[in-house]
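By written order: A, B, C and D. Residues from 1 in each chain.
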Amino acid sequence: MSFVKEVSRWILAGVNSVIQSIENDEIDRIVDVLLEARENKILLLGTGRSGFVGRAFALRLMHLGFNVYVSGETITPALTPEDLVLAISGSGTTTTVVAQAEVSKGVGSKVVAVTSHQDSALAHLADEVIVVKGRTKIDQDFDYDRRQITGEYDNAPLGTMFEISVMVFLDSVIAYLMQKLGETEIDLRKRHANAE
Amino acid sequence: MSFVKEVSRWILAGVNSVIQSIENDEIDRIVDVLLEARENKILLLGTGRSGFVGRAFALRLMHLGFNVYVSGETITPALTPEDLVLAISGSGTTTTVVAQAEVSKGVGSKVVAVTSHQDSALAHLADEVIVVKGRTKIDQDFDYDRRQITGEYDNAPLGTMFEISVMVFLDSVIAYLMQKLGETEIDLRKRHANAE
Amino acid sequence: MSFVKEVSRWILAGVNSVIQSIENDEIDRIVDVLLEARENKILLLGTGRSGFVGRAFALRLMHLGFNVYVSGETITPALTPEDLVLAISGSGTTTTVVAQAEVSKGVGSKVVAVTSHQDSALAHLADEVIVVKGRTKIDQDFDYDRRQITGEYDNAPLGTMFEISVMVFLDSVIAYLMQKLGETEIDLRKRHANAE
Amino acid sequence: MSFVKEVSRWILAGVNSVIQSIENDEIDRIVDVLLEARENKILLLGTGRSGFVGRAFALRLMHLGFNVYVSGETITPALTPEDLVLAISGSGTTTTVVAQAEVSKGVGSKVVAVTSHQDSALAHLADEVIVVKGRTKIDQDFDYDRRQITGEYDNAPLGTMFEISVMVFLDSVIAYLMQKLGETEIDLRKRHANAE
C-alpha cells in the first residue's frame, strides 16, 4: 500500500479512538447548549488550524439557520449575556483565544471550550469543557529529546490528531442537530452561499 | 453508543474508503509536484470548507519550509510560470476557483486540482487532477426528490465527506513530505507562529 | 515640512477633487439603494485594498444595524433577488469580483459598482454605478514607458488614490445614513464588537 | 453641495490636521525602523477597521519587496528577535492586539505602536510609538451624556478619523520608502497579485 494511504488509515484509527473517548455527557451538554443558543448569537474562537476547523463548523451551523460569527472576521457583533462562545484550542493556552474568552466571560456570555487539556487556562474559565484528546499527557511538557529519538509523532505532527478529531466530531454534532431540528440536506443547501 | 459517536464512526469509515480509492500514481505525482515547488511559490485556491481544508494544508506546508500563499488573504504575490497552484473544489465548478485557476494557467503556472469530478471545468483545465470522491455520481444532478425521501446524505451533508477526506489525505501527504525531506515535528514547531 | 507630510497633503487634495467630482445623483441613488436594503442582506465584493476599504464600510453598516456580509469570509449566505451586492474595483475588471457580480445578477440581486471605469465589465453588468475617479484615462492602457520617465504616480501608486477616495466617500455616506436613520455614535458603539 | 461631499471635505480637513500634528522625529524613526526590517519579517497587528488599514499598508510593503505578514491570516511565521511588529490600535487597549504585542516583546521582536493614546497599555510596551490623534482627550472617558446632546462625533463616529488618518499617513510613508529604495510604480506592479 502507498505510504500516504497507510498514514491515512493510521490517522483515522487514532481519530476514532479520540472521539470514542469523549464523555457522553459532555456531548449531550454541547448539543443542549447549541440548541439553546439557536435564537441568540454564537461566536467561534480559534487560531491556526483549530480556527479553520471552527470555521468549517460555523459554516454548517449557518447552513442550519444558526446566527453564527467567527472572531477575526469583519462582521463580529457585540456579545451579550445570552450569547454563546465556542473556543477551540488543543493546548487550551493560545494567547488570543484565552484573552477573548476572558472578555466574553466578563460580558456574561457562556463559554464552551473544546480542548485536549482539562487543566488549561481556557478550560478553567469555561462554563463547559469538551475534552478531545489529541496527544498523550507527555505532550504537555513536549519532551524534545525523547521525540528527537523516537519520531513518534511525525505521522500526525503538532495538533493534527486534535484538529481532525474536532472536525469529525463537530460534523457528527451537525448530523445530530439536523435530526433534532428536522432539517435535511435540502434545507442546508438553500442556505449555502451561491455567489462564491 | 451515543448517536454522535456512531455518526463519527460512519464518517471515518467513509473517509477511509474514499482515500483508499485514490489512484496511487495521482498520489505519487502530487508529491513530486510539491517537492519540485519547494523553491518556488505555492498558491492555495478554495472557498468555504474546501478553503479551510486548503488553509490547514498551507499552514503545514509553511511549517515544512514551503513558500505558500492562500488566495483571498492579504499577502498574495504575483504568480510566475514556475509557481504551483493547488485548487480544491468538490464539484470542480466553484465560480471564483475556476476563474482564478484559468488566470493562473494564463500566467503559465502549473495547476493541480483536487476534486470529486474528473469531468468538471476545474479538472479539465488542470495539469494534474487528484480525484477524491465524496459523493456518488448521482450527486452531479442532485436529485432533490430522491433525497427528500431517503435522507441518505443527512449524516454527512453537502461536501462533508469530500472535505474531511481531503483534510486527512493532505495531512498524510504532509507525513510523507516530512519523511522525504528529513523533517521532524521539532523542525515544524520551530516555524510555528508564536504570537497568535 | 517633512516629505511624508507633504505627500499626505497632496493625497488629501487629490482625494478631495475625486470626491467632489462624483455625480450628486449617483450619491443620492446609492443612499436610497442602501436604505432600501436595510431589511435584506448586503454582500460586499472586493479584493486587495479595495476589499479592505469595502470591509471597513461593511463594519460601519453593521454598526448601523444593517445585515451585511463580506465575500470570502466564513459566513456568506445565499443571495436572493431582494439582496444588494456592492462591488468595489478601481479597474472594474478584477476577475473574481466580475465573476461573483455576474452570479449575483443571475440570482436576481441588485448590483452596485464602485469603480473608476464606466466602461468596464463590472460597470456594464451593474444596476447602479458610482464613478470614483482615481486615475486619468491613460491609466487604462498603463503606459509603462511614459511613467518610467515621469514617475508621476509614485506618490500614490497603483490604486491608492481610488482606495482612499472610496474609503472617505463611503464613511461620508455612513454619516448621511446616520442622520437619515436617526442613529448616533452611541447607538453604533452598542453594536461594536466587545471581544476582539 | 451634497451633504455627503460636505462631510468628506470636513473629514479630509480633520485628517490633514491629525497628520500635520504627528511628530517629525516619530516619522523619521518609523521610516528607519521599516528600512532596517527589510531583510527580516514584519508582522502587522490590528483588529476591525484598524486591521484593514494595517492590511492595506502590508500589501504595499509586499509590493515594495518587504517580507510582511498579517496576524490572523493563515501564513503567520514564528517571530524572532530580528523581526518587527507594527501594532495599530486607536485606543491602545484592544485586548488581542495588546496580548500579541506582549508575546512579541517576550520573543524579543521590536514593537512599533500606532495609536492615539501615548499612555495606553500598547504604547507603554512598545519600543516606538507614533501618536496619530483621532479624537480629543475627552474620548478616553467617552462622555455619553455630553455626546448624546451635542452629537459632535456623528460625522466621523468611533475610530473613523484615526483610521483614515493612519491609512493616508502610512500611504505617504510608502511614497517615502519608494523614493529611498529607488522603487517606482512599475516595480510595485510587478509584485501585484495577478490571480485575484
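For this structure, a couple of remarks:
Everything below uses one rule, namely that contacts are C-beta pairs under 8 Å (C-beta built on N, C-alpha and C of every residue); 3 or more make two chains touch, one makes a residue touch a chain.
Since the structure is predicted, the reported quantities are computational estimates derived from the model, not experimental observations.
Over half of the residue numbers at the chain A-chain B interface are used by both copies of the sequence. Two chain pairs, B-C and C-D, are weighed by contacting C-beta pairs, with C-D ahead. Separating the centre of chain A from that of chain C, both taken as means of CA atoms, is a distance of 35 Å. Centroids of chain C and chain D (each the mean of its C-alpha atoms) stand 20 Å apart.
Look at where the CA atoms of chain B average out and do the same for chain C: the two points lie 33 Å apart.
For chain B, the set of residues that touch two or more other chains comprises 47, 55, 59, 72, 95-96, 100, 103, 192-193, 195-196. If you check the complex, the residues on chain A that touch chain C are 43, 55, 58-59, 62, 68-79, 85, 100, 103-104, 107, 109, 190-196. Chain contact summary for the complex, chain B toward chain C: residues 47, 72, 95-96, 99-100, 103. Touching chain D in their complex are the following residues of chain C: 2-5, 7-9, 11-12, 15-16, 19-20, 22, 24, 27-28, 31, 47-49, 52-53, 55-56, 59-60, 63, 94-96, 142, 144, 147-148, 151, 153-158, 160, 163-164, 167-169, 171-176, 178-179, 184-186, 188-189, 192-193, 195-196.
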